[in-house]
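Here chain A shows up in two complexes: once beside chain B, once beside chain C.
So, the complex of A and B:
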């Protein structure tokens, strides 16, 4: 029976192998190809990346930006997920749908909506000046802040959902027991709620941070002249100059960063349990 | 249990076979031949009036696929099966690569009735030929030069350096394209735009220019959004789009300045392995005919290669859209670039964009 069960996994596994794993190895092969014909395997694409100061500083600024977006997402998502899981009763599903709806729209539509919303003379500027908060142009579009706003909006639902699922499983009896034993609300949160939701937090951090590293659409459209990220380099290589070899090498450097962050976050998630 | 597993496996197998078979059949063995074209979106060959007229005249179907960039077109040609694409529209920067790789068929221009009406410059354009044989036919041309907002600027700028001018800081839009960026900077630094010698000076000029921009733009749509919002005084722009925006009533004017600007030519090529060669010839002949070229040029399209069509366009409009001969003579037409040069230029532009 065990062997037969395993056989049932075969179609799914082979689809993944053929359509996801095999192409990855083809790209890995490309990343070790030189640009001159028939030069054999070479490290020149990787050395070129690490020799150029601007590639490294671009990578670093992309990482910093992704960390910032992840932290802002956490600050938005945790309270929201907590309220949904513990305070709301009937309207919970409606809130969940509201959070998920943006996923049904195309990424470009979402980004262009932000562009229209944030631009000088746009909706946000009009609202803020009507309230007397600002005077004159908003100047928010084509800045780093605009990119962060766009990225947080694009990815925070992942975090809300993972944290919400962790908090929903949390038995209310534990919280009541903690309170009846004289713990303050903050103490209960720190010693019970937070550790038990840590796996959800870790999964959420990962699901926001990783796609942030590779994205290039939001920075390009909302970030103005300084909207370049490491994902843009990969896109340029593939779409503009047929530089598959170098593009593949940069993509694998990015993948290495993703693998490192995955293992870091999963350690964070495992650490979360009641002492 | 066992039989169900087997049956479902057999079912999956049959489905796979069907999938493979049907994928193999898309070559088009139906009764109506299909002309498969790779072109830019909304760029002549997908004009509904043209498609209807051509389809009824030749009893065929036209299927347009769209390219994202010249490199994307090269990739499509390299990875497609013979017969999958019949016609494509490379510009001069990739033509040599496409011809050398054997992706394009030789064209007998004697079979094209309208070839004789082309401007001499386009009849003898070196990029479409190899060893004295034609592999593509020039179709339309245009320039990437300067557009300005007539509400904000009264006198047409007379130099590319206006895009590098502090006086317009925050009201400029440069194009996010390594080729256009480097050619423009080469003009400003007094170098040959097709073979610049001093890339360091170009990098410096572009780095100083960067902070003057409202934003970079890449697609025509991005430019329109910037311009229509009144955010721009001067910008790098394409002649064709500036002309059609003017027709729509925008306060825009276009000029090829005295020190020159960037010129480009789009050419039709017949893809190696096509099964619709006669149709492809008929298509190209239609595309370079006086009537097609005139109608498009006079209605916001790019400049015609057909002299009769160019002569028919209203001279004021031709000057405004920089289709006139004086503008033509000031242009530096983009030439073929080797992969090495492309990589070098692209990396320079990446560095400019990545450095804050």
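So, the complex of A and C:
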């Protein structure tokens, strides 16, 4: 043990420092570079972002979109996790496995499967027409709704798992005690189940909200021209417009949003305890 | 069956339907003769035949497998050393290390990929396989680390000391005491890193050298330039491979290191494997 053993950590630490931390500093440097060569450090990339209405409203719509996806995921995940933890007995493990399996399917394969599912003349349109629910083209692909569907599908299983793990640990005796002391079902839920599952909920919110902020694949493929978000702006700057310095600045603004959300959510998670 | 459990069952089924409907359609369409994913369904294996003649797609698949294998092996080695070394660090250093590991999980891949691209530019290199692999290792490493971290805590230091005082050298101790305890987590961690790399599109998209493609990159360009049903076929094969790997890894764990008193290893493995994804809980 001791000094020699500590050295074992060195290769891993170096990889993180050289290939994750150092590049971020290089990116920070680029974000303060102007378009003219050798002009020294400048704030112009950041001022350009904050002065243009276009970028500000895009930022706002990215945040709104992520909040919406997160809330929809919560509405799906909480009841599902609750049922899995408290109601299902025999098939619980099977359901758990079925929820986890999509973690191991390719992101692009999943997005692509939504593309062929939602497209005009696709399966969903066929099914809905046969049921007489719609008449004519579905018109769902390349809308904001399609992006939301794709993102919820991609991320809600994470939230199910985090909430499930929190609820599974919850002692049934607590619930029984609460009921026998005369609390209504709703009161028990509000005063015991909900606060004790708060860390799982916070973890789940984080696991959905943060990846949503930074994604560009789902919005690009399922949203088409209606799918513009911060992520696609950054991608465009690097791959189409070659505005690398400006792209680096936008990437840092995105990173700041991520850091703020992570610290906010982890505070929320720590707050979970019984009064 | 009462009303409430009927409602519960229905909700679970609806959620699973939402989760699997598009994937099921994709698999069905890979066996459908229609070129544009249209009904009526007419069984055909044509797209699979086309696929095996599509040299570009096969080469991309091979590239993806090689990169993922290299990433998986490198990550397990680095992560094993990292968690063993971290044990000897002070509390404060351990916490700093933990934040650094979690940082690579929290920062969007888009940003990690682009910053590496800028680093290549700042160093005046052109894109190359070394940096592609480095990018994959950086994003996959935390998954191996988290899988191993849980396990290393169950390592009893007294056992290692006993082995040492009985005259075993550090290598023998590692091989006979430490390694057997860590082995299941190494399998789980390596598997996770392999899958993260194999499925990764973003990092490869930014860092792949000119003319080098991976499977996700091929799928993306097929989506961009019009649908080709071969993509349905290749996607179906990827889903099959992923599930196969998952089953093999689970089985290996069960056969190789079945621990007495710990039942239900397979579903435990699934939770172990998905646990690192709940990063901010640790």
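The rule we apply is simple: the second predicted complex is superposed on the first by the 259 of 275 C-alpha atoms of A that agree within 3 Å, B and C clash if a C-alpha of one lies under 4 Å from a C-alpha of the other, contacts with A are read in each partner's own complex, and residues count from 1 in each chain.
Here is the rule we go by: a contact is a pair of C-beta atoms (placed from the backbone, for glycine too) under 8 Å apart; a residue touches a chain by one contact, two chains touch by 3 or more.
No experiment lies behind these values; they were computed from the predicted model shown.
Aligning the two structures on chain A places chain B and chain C in a clash.
Of the two partner chains, chain C is the only one that A:114 touches; chain B does not reach it. In the superposed model, A:142 lies in contact with chain B only, and not with chain C. Judged by the touch definition given at the top, the superposed model places A:27 against chain C, while chain B stays out of reach.
Once the two complexes are laid over each other on the shared chain, residue contacts for A:224 go to chain B alone; chain C is not touched. For chain A, the partner touching the most residues, choosing from chain B and chain C, is C. Of the two partner chains, chain B and chain C are each touched by A:11. Once chain A of one complex is fitted onto chain A of the other, the partner contacts of A:89 are absent, as it touches neither chain B nor chain C. In the superposition on chain A, A:206 makes contact with chain C only, while chain B stays out of contact range. Once both structures are placed on chain A, chain A residues 7-8, 11, 115, 119, 121 are touched by chain B and, in the other complex, by chain C.
Within the complex formed with chain B, the chain A residues making contact are 4, 7-8, 11, 35, 52, 54-55, 57-58, 61, 115, 119-121, 142, 224-226, 228, 232-233, 236-237, 239-243, 246. Against chain A, the residues of chain B that register as touching in their complex are 5, 12, 68-69, 71-72, 74-75, 178, 210-211, 213-216, 225, 229, 231, 339-340, 342-343, 346-347, 350-351, 353-356. Those residues of chain A that touch chain C in the shared complex are 1-3, 5-13, 15-17, 19-24, 26-27, 29-30, 76, 79-80, 83-84, 87-88, 93, 95-117, 119, 121-123, 126, 153, 157-158, 161-162, 165, 199, 203, 206-207, 210-211, 213-217, 221, 231, 234-235, 238, 244, 247-248, 251, 254-255, 258, 262, 265-266, 269.
If you check the complex, the residues on chain C that touch chain A are 5, 8, 11-12, 15-16, 18-23, 25-26, 29, 36-39, 77-79, 81-82, 84-89, 97, 100-101, 103-104, 106-112, 114-119, 121-122, 134-135, 137-138, 141, 145, 157, 195, 198-199, 201-202, 206, 215-216, 219-220, 223, 227, 231-232, 235, 238-239, 242-243, 245-246, 264, 267, 270-271, 273-274, 277-278, 280-281.
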